[in-house]
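These notes are about the structure you will find just below.
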Amino acid sequence: MNVSGERVFDAPRDVVWRVMNDPASMAKTMPGVESFDIHDDRRWTANVKIPLGLGGLKMKVDMEKVEEREPEFAKLAVKGHGVGAMMNMETSFTLGDADGGGTSMAWSADVKIAGPVGSMGQRVLQPIVNQQVQHVLSALDAQVQAAKP
Amino acid sequence: MDVSVTVNGTTYARDVEPRKLLIHFLRDDLDLTGSHVGCDTGNCGACSVLVDGVLVKSCMLLAVQANGASIETVEGLSENGELTPLQQSFNEHHALQCGYCTPGMLMSATALLRENPSPSEDEIKKALQGNICRCTGYWNIVEAVKAVGK
Amino acid sequence: MTESSSTTLAPEKVEVQKGWGGQSLKRKEDKRLLQGEGVFVDDVKRHGMGYLHFVRSPYAHAHITRIDVSAAEAMEGVYGTLTGEEVAALTEPFFQISSVPGANIKDYALAVGKVRYVGEAVVAVVAETRELARDASELVEVDYEPLPALVDARQAQEPGAPVLHDDAGGNLMWSGLYSWGDVDSAFAEADRVIEIDELHFHRFNSTPLECDGALVEFNRGVEQWTIHTNNQFPGFAAIMMGPAMQVGLDKLRFVTQDIGGGFGNKITSHPQLVVCCLLARKLNRAIQWTEWRTDFHMSMSHGNERWFQETKVAVSSDGTLLGFKTKALDDAGAWLRYEPLGGVIWAQVTPGMYRWRHIELEFTQVATNKAPVSPNRGYSRMQHLWFTERIIDIVAHELGLDPVEVRKKNYIRAEDMPYETPNGCVYDSGDYARMLDLALELIGYDGLGARREQAKANGKLLGVGIGSTLDSGTNNFGQSRMINPELQFSGNNEVATVKLDIFGEIVVTLGTTPQGQGHETTAAQVVADILKCSPDDVHVRAGHDSYWNSHAGFSGTYASQFAVTGLGAVKGATEMLRDEIFKLAGAVFGGVPAEALELADGGIRIKESPDAFLPFMACGAIINANNAGLPEDLDVTLNCRYVYRPPFQVPDVEKKFGNLTLTYAAQIHVAVVEIDPETGYYEIVDYAAVDDCGKRINPQIVEGQVMGATAQAIGAAMHEIYEYDEDGNLLTPNFYDYHVPHALDMPPLATGAIESPSPFTPLGTKGMGEGGGAGIHAISAAIQDATGKTVTNSHNPYQRVWELLQ
Amino acid sequence: MLLREVEYVKPGSVAEALELLAANDGARALAGGQTLINVMKARAASPDMLVDLNGLPELKGIELASDGTLAIGAMTTYTELMRSAEAKARPILGEVCATIADVQVRNRGTIGGNVCSNDPTNHLPPLMVAVGATMTVLGAAGAREVPAEEFFLGVYMTAVGPGELLTKISIPAGKKDGFAAVTLGADGTCLANAAATVNGSVRVALGCVDAVPVVVTAGSPDGIADAVRSAGLDPPSDVHASAEYRLHLTTVVATRAAEEAASR
C-alpha cells in the first residue's frame, strides 16, 4: 500500500537533514525499537516489536540508503523479516524551504506486507500503518527540535 | 496442565498443553472424531459442541478452559444407536450430503430446540447462521429442523 | 410463513415408476454420518504417526536463494524435513498433459529454486504433534530474492511481463483455434453484429468444508504405500504419481471412506501426496497431513478465471442467433495440475442450448503468479455457458427483445433431439422450452410487473434473470487429444463388483469415491430392482480401496457421471450375477431351463411350482462352501465384476470434432433480485430451479444436488472470489473475507423437474450435479434487468452493482 | 489452528488478574477469545501468557441504577446482554448485539472483548461512542473512568494500558438511538456502520472508516450526510469496498442510523 504526505518542521533544513541521516536519532523515531546496529553510514539493522495491539510483532529490519542528494533527497529500502510476516518498504523524502520559514518535507512510502499478518486484511493493516506513520512523524519532529542548536 | 472434562457422560482426565484448542483435544486426545474442523478462523461451526449446555465453537476455546466442564458432542446425541427425532428428520429430509458439517449442525439445532421447541423458519436460520454447509444450500436442513419443531 | 423450498414436477413428463428405481429412498449413508461415526481422512490415525506441516512461500514470485532446515531438524520432537532439492533428486517432474509450450514446464511436489505463488509449498516438516510441526516450520530459514509478480492474465504476453516458467519460454501455456460452420458467411448475412468488448468470469471454487488431507504408510517389505486420502479421483492421482515416483501403480494403494465434499477441488492433491509418500519412506513412519482452510484457499484448486475478448455476435433482426466469434483468455495460475484440459472441456457445450451453427473461438491459456487452477463444479463449461447466456441477454438488450422470447426462438427443440452440435457433440434428449415455461411458472413470471412497481414504490429496483445451462456428463477422455495429439487417452470406464456371499449377503463394491452423492443408496436401488429383493439386503461397501480390484483407469467421482458409468457398472455386474443365479438354480433343480425360473422374495424359484425355492443364502452357500457334485461345466462364481464402457469414438483431432460427453442434463434457473440503489446492496428475493437429468433413480438425492449447486452459484455470483493484490497476495484467504452463503443468505427456492430419459445410457439416466452455474448466469441477468446496465462480470458484489448505477 | 506455546493462568479474582498482567510484559487478558484466539491461530499474535477472565463474578452482571444508568460488566456476553431485562432500558444495545456474527460467537464473545479488540469493523466501538458510554479501567493505581470517545486509540489499541483491565461499561439512559450497517451477507463483517443518538442535535459515530470511531454531528438527520463528507475521512480500501465506496456507504448508513434514532 502507498502512503505519502507533507510535513513542515520548525527548523533549518541542514538540521532536519542531519537528523534524518543519523541512524541513531532515526532509531528513536521508529516504533518499538529494541536494539539497533549500525553497519556503516548507509546500512543499519534494527530489532523492533511493532505494536499491533493484540501483541507486538517482532521483526528484524534491515535498512539501506539507496539514493541520496544532500541536502534535499534521500531514498531508503527497508526489509523486515519476522515470524509470520515479511515487510518490504521503499520510502523517500524531499526537503525544501517552507514558505514562512522552517523546512518542508514531502515524503512517500510504498509498504508491502506478506505472510499471515498480511492475511489480517487491509481493513486492519491500513489504519495500523497510517497510525504508525503519524507516530514516526511526531517522534521525528521531537528529534529535530532536540537537535536544534 | 491437568484437565478433567466430562464428555457425553464419561469423565476424562488428561495432561494437555495450554495452547491446545478444545476441538483438537476432543479429536486427537479423546478420539472423539465426530466434531470436525472446516476452517481456521471460527467461521464454519463444524466443531460446535455444548459446554455446560452452552453452544460454542470448540476451535475458539482452549482445552484448559473447559476444565471441569460437562461437554456434549454429536456422539452423545443418540442412545444405543437409535437415531433421535432430529437425526431421523435430517435423514428423512435429506438434510445432509457429505455429512461433514452435520455434527455441528445437529448441535446448533439441538441447542435451539431446547430453548425454543417450535421455532419459526427465521428463528431456525438465525440459529444455524454460525454453521456453514457447502452441499445442501441449507433448505433441507431448515425443513428438517422445522419438522421436529412441529 | 412461507416454505423455504417447494418442489414441482411436470407430471406429464415423469414416468410412473415401478420398483425401487425412481423412489426417494432414505440414504443408507446417513446413519453413521448423523452419529459422528463417519470416517473422514483426518479421523484415520496410526501409532507413532508424524504430523506434516508445510513451509509456504510468502512471495508470489521469487528465487529461493537459500534453505536451511538445520534449526528445525535439531528441535526436539521433530522427525525430519523434505526440501525441493530432495524432491527433485528423488522424483521426475509430473507428467504434463499440455503440448508445447506448456509441456516444457517442470512441476515438482515442492518448489524447486523458485516460488510462483503465495502459499506454494517450499519445505515439509514432520514432528511428533501438529503444534510442534508448525513450531519447527517457523525455524526453517528460507531466503528469497523477490521478483515482479504477474497477476493479470491480460498482461501475461506483453513484452517485459515477468515470466514464470523459463522452460516454457514465456507465459503462454496452451492455445488453440476452434472454428466450426461457416463463420464469415454467417456474419456476412447477419442483420446485426453485436460487439462485446470484454466479459470476465472470476476466480473462485466450491470450498468443500473438509479440506484435503492424507495419512500415508510405507510398507518397506513390499515397497508399497497405503494412501488414506480424500482425493476424489485416485485414478488420476495414480497416473500422475506413479511416473513421478518411478513406481508401478500396484505400489500405490488408495483408500477412502467418507469425503467431506469435493466438487472437483479434491482432484489435484497429487503433489502433496507425493510429499507424504517420500517422507513416509524417508522417516519410516506413518505421515499425517491436514490441510487447513487458509492453506486450501491459498494453494488448492481455484476455478478457471477467464476473459472473453472482442466478442462478435451475428444475429438476424428478429433475434435469430447465427453465430459468434470470441477470444477466450484463461488464467491457469502458476502450474498446470489438470490444465490445460479446461481448454477443451468447454467445447462439450460449445453452442450452449442454442441452434447457432457458426462458431469461432480462439482459446489461450497463460500462467500467472496465483494458485493453480483445477476442476471446480461446472468445470470450464460453467465459464463458457455464462458467456453464452450473457450473449443472449446482451443481444436481447441491444435489440430491445424479450430475453424469454430470444431464448425460446433459439433453443434447440425437443423434436431436434438427439441433436448434433456444430462440433459433433450429440445432445441426447431434452425439452428446454418446456423447462423454461415451468421455471417461469414457478417464479410467478406473469406477476412480476406488479412486483416491479411495488419495489419501485419502496425505492428498490427489482430484476429477473434466466440462466440456462447444460451439465455435460461422462467424459470422452479422447477430447484430451485436442489439447495434445500425443496423448493416448480416450473413452471412459467405471467398475463395480457384485457378489453373493456364503450367508446370502449381496455385497456391492464400487470404483467410485463419493463425497455425499449417495452412491451406497442409489446403487442398492439398482441392485434391488434386478435381484427382486429389498435395498436393505444390499450391502454397498462405503468408500474406495484400490485393493478391492474394483477400479479402472478413470475410477473416481467427478464430472457428473455416476448415474451413467457407476450405475451402468452396477447394473452390468448385477445382471451377470442374476444370470449366474439362474444357471446355478437350474443345475440345482436338476436341469431346469432359465425361462422356467424367476426371482422373488430374495431367492429364485420355479414359476410353475413356487415351492421349489432356492433362497440367495442357499445359492451363496452352495457355490462358496458346499459345491461338491455340481456339474463340471457349471461356470458360476456368484462374484461378478463388470466394467461399463460408454459408446465413444476417438474425436477428429484436426477438425476438433466428435462427441465429447455421453449425456447432457439441463438446468434452467430464474432469479429475482431486489437492489437498494443507494448502496448497491441486493438480495435474491425469489428463486426457481428446473432440472432435467433424464430418469432419476432417487429424486430426493437429485434435488439435493440441484439445491447445493444453486447455493454455490449464489455465493459465487454475489461474494465468493479469490482476489489478489498487485503483489500477488491473496486477499480472501479465509471464510471471513471469502464469504460463502450462510443460512440467512438463502432465498426461498422452488424446484421443478422434468425427465427426458437418455437414449444412450443403461438406465436412461444422465450424470448431474454440476448445473449450478445457471445461478450465476441468472443473477448476472437479473442485475442487468434491474439496473438496465450491461453486466460484464460474473462476480457482482454490492460495490460493482453500485458502480453500475453511477 | 495451532497456537504458539502460551502460558495459561486462571486468576481467582480481578486483583490477582491485575497482578498477573502487571508482572508479565507478554501477558494478555483472555475474555471471550472470539477474536484473540483466532489471531493466535494465525500466529499473527502470540502472547506469552493468557490471563483468563472467565468465571470472575466481579466482571459479570448488568445493573440498572435508579437514574436509568446501566452498568454492564466487561465480561458480559452478547447473549447475556440480549436476554437481560435491565439492558432493555437502552434497547439499541441488545438489538445490535443480536446482529453480531452468530449464536456460538454471541454465547462466548463479550462486550469488553469487543471494545478492547477494537477491530475497525466491530459493532460496539461506534455504538459505545454514540450512546456516550463510560469505560471503567482498573489498574494497580485504582480505577479510572474513560469516556468512550477517548477510550479507542487504534486498531486493537485502547486506553486500557499494560497491567490494566476494562471492568465495567456504564451507559446513560436513553432511547433515541439508531444503528445501521452494510454487511457482507446477513450478519457478516461490516463494510460500513454507524451508530446514532438524538439528544437535541444528532450525534453519529462512524465505524469502518478509521482506526477509531469518528464522530460527526448535525442539527437533524438531513445534515448528517454532509457532515460525513466534510469530516475529511480517508477510509481504508479493501477487497470488499474501495475507499470511495466505503465513504459513500458511510454517508448512507450514518443518515439511516440518524433517521432511526430520530424516529424513536
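Worth pointing out:
Read from first to last, the chains carry the letters A, B, C and D; within each, the first residue is number 1.
Note that in this section a contact is a pair of C-beta atoms (placed from the backbone, for glycine too) under 8 Å apart; a residue touches a chain by one contact, two chains touch by 3 or more.
Just so you know, these numbers come straight off a predicted model, no measurement behind them.
The largest tally of C-beta contacts between two chains is found for B-C. We define each chain's centre as the mean of its Cα atoms; on that basis chain A and chain B are separated by 49 Å. Put simply, the C-alpha centre of chain B and that of chain D have 28 angstrom between them. With each centre defined as the average position of its C-alpha atoms, the distance from chain C to chain D rounds to 44 Å. Looking at chain B, residues 17, 19, 24, 37, 40-41, 126, 129-131 sit in touch with two or more other chains. Residues of chain C in contact with at least two other chains: 130-131, 138, 292, 294, 731, 734, 736-737, 741-742, 744. Counting only residues that touch two or more partner chains, chain D has 1-5, 42-43, 102, 186-187, 238-240. Chain contacts here follow an irregular pattern that is not a line, a ring, a star or a complete set.
The set of touching chain pairs reads A-C, A-D, B-C, B-D, C-D, using the touch definition from the header.
In the complex of the two chains, the chain D residues touching chain C come out as 1-5, 42-43, 102, 182, 184-189, 191, 238-242, 245, 248-249, 252.
In the complex of the two chains, the chain A residues touching chain D come out as 51-55, 57, 83-85, 116-117, 119-124, 126-128, 130-131. Those residues of chain D that touch chain B in the complex are listed here as 1-8, 33-34, 37-38, 41-42, 50, 52, 54, 101-105, 107-108, 186-187.
Within the complex formed with chain C, the chain A residues making contact are 83-84, 86, 88, 112, 114-116, 118-119, 121-122.
Chain contact summary for the complex, chain B toward chain C: residues 17, 19-20, 24, 27-28, 31-41, 43-44, 46, 73-75, 77-78, 81, 83, 87, 90-92, 94, 96-103, 106, 120-121, 124-126, 128-143.
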